[in-house]
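In this document, chain identifiers A, B, C and D correspond to the written order of the chains, with residue numbering beginning at 1 in each.
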């Protein structure tokens, strides 16, 4: 992903990037993709009936991550309040999705990898929030 | 929009719908469309340079409303925490977008109508949060 | 939905709206919401294992309708080629989702209503394409 | 991005991945992010009035890429027709966005990088279509 290269060329940024926020943007897009795959992979399992809640959490998490990635990309100094509230919502969605995926991690590799991705994204949202405090 | 008719047929709902949440879902989709139009209309004005912040808020608000509409539609009893945090983020995005649009409401009808739509959506998010407390 | 009111206030439109396109925009947002509900309702059915393909088609159709709604809203005279290709993709996704939903329409009201909504949206996409030929 | 790792764990895939499609999925998410940045960066330029069409194309391209990335991720053997029509629409949106960005590439680094990203994504869509013919 070329997020850093792109954002560095923004006229309001001019090289001085917030690296925690950029890492978070990349994780949001990555996590949206991982959750979309995990939902579809769960739908392909024979035990789909036991994975219903996991599929729902995956879809919620994908939607929240995608919107957070866009909003955080569109950072313009003046929308910090919206970014913050989306980072908060995204950390929450990622945490809950990770908890659900972890329940199936021993049975399904896609749930294990997705849980790891959600934890990484949750962590990067919290670090981005921290970085915006200064 | 057929949100109520569709949601009434959900096996976990069986007719007993949360009308405040359904109204909120409809407003989220409506507000996403209004904000997308307002951004494009602002881009078409001769005074586009003065509307830059409005365009950004419109795009943020459209993204947050669209994600909130999906997450709230996918209500399954067990994702209330994610819905709540998105309703919170959505009320914030709508409030800030309305405040920005109101600054241009006398000059541009699209900003005036969009501000009204954002206020309605903000209000419906707050009422949906209230309705989920019980 | 206030699509017509909003689009009428666009500086490039000034009252002379393409009503077929506006109806299509409204149907796209409506159909995205209907498909998102149908996917979640299917996940709530005891027979979820038989509805896997329906859930996938619902999610594809919701994604395509949402993107088509945004792109068609952002109409600016000069993006007709992108609108057309999305209207084409959207009509296809709606047709296939309707065909799948119709298989379960007798068992599940949400599939029946969603199929109707998809047919309406497919039809409105075709009429919008027709309207842009002139 | 962990697209390959995730998709390899899908029960219908079991290791035998379509690498052209996976590369395309990654490019779609990457291009959506690049276009969202370029739109926001254009809005930050003093010459915003000359970049209006570029901003619109960026937003269209971001929407189409995001939807294509999701639909192509949700590949399930049976939605090839929807994937194909979205790959077609996405190649079109990327080509037109690249052409517009190239007009400003000498002035603005974000337009230059975004144009390259759009060309890469367009190319990966065409290769993914090719790979699905067999």
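Some points to look at:
Everything below uses one rule, namely that contacts are C-beta pairs under 8 Å (C-beta built on N, C-alpha and C of every residue); 3 or more make two chains touch, one makes a residue touch a chain.
Nothing here was measured: the structure is a model prediction, and the numbers come from that model.
Rounded to a multiple of 5, the C-alpha superposition of chain B onto chain C involves a rotation of 180 degrees.
Chain centre most remote from that of chain D: B (centre = mean of CA atoms). By residue number, over half of the touching pairs seen at B-D are also found at A-C, the match among A-D, A-C or B-C.
Spacing of chain A relative to chain B, judged by their CA centroids, is 21 angstrom.
Looking at chain C, residues 39-40, 43-44, 56, 59, 66, 70, 74, 76 sit in touch with two or more other chains.
The touching residues of chain B, counted against chain C in their complex, run 1-3, 5-7, 9-12, 25-26, 29-30, 32-34, 36-41, 43-45, 62, 66, 69-70, 73-76, 108-110, 113-114, 117. Of all residues in chain A, only 53, 56-57, 59-61, 63-64, 66-67, 70-71, 74, 76, 78-79, 81-82, 85-86, 88-89, 92-93, 96 touch chain B in the complex they form.
In the complex of the two chains, the chain C residues touching chain A come out as 39-40, 43-44, 48-49, 52, 55-56, 59.
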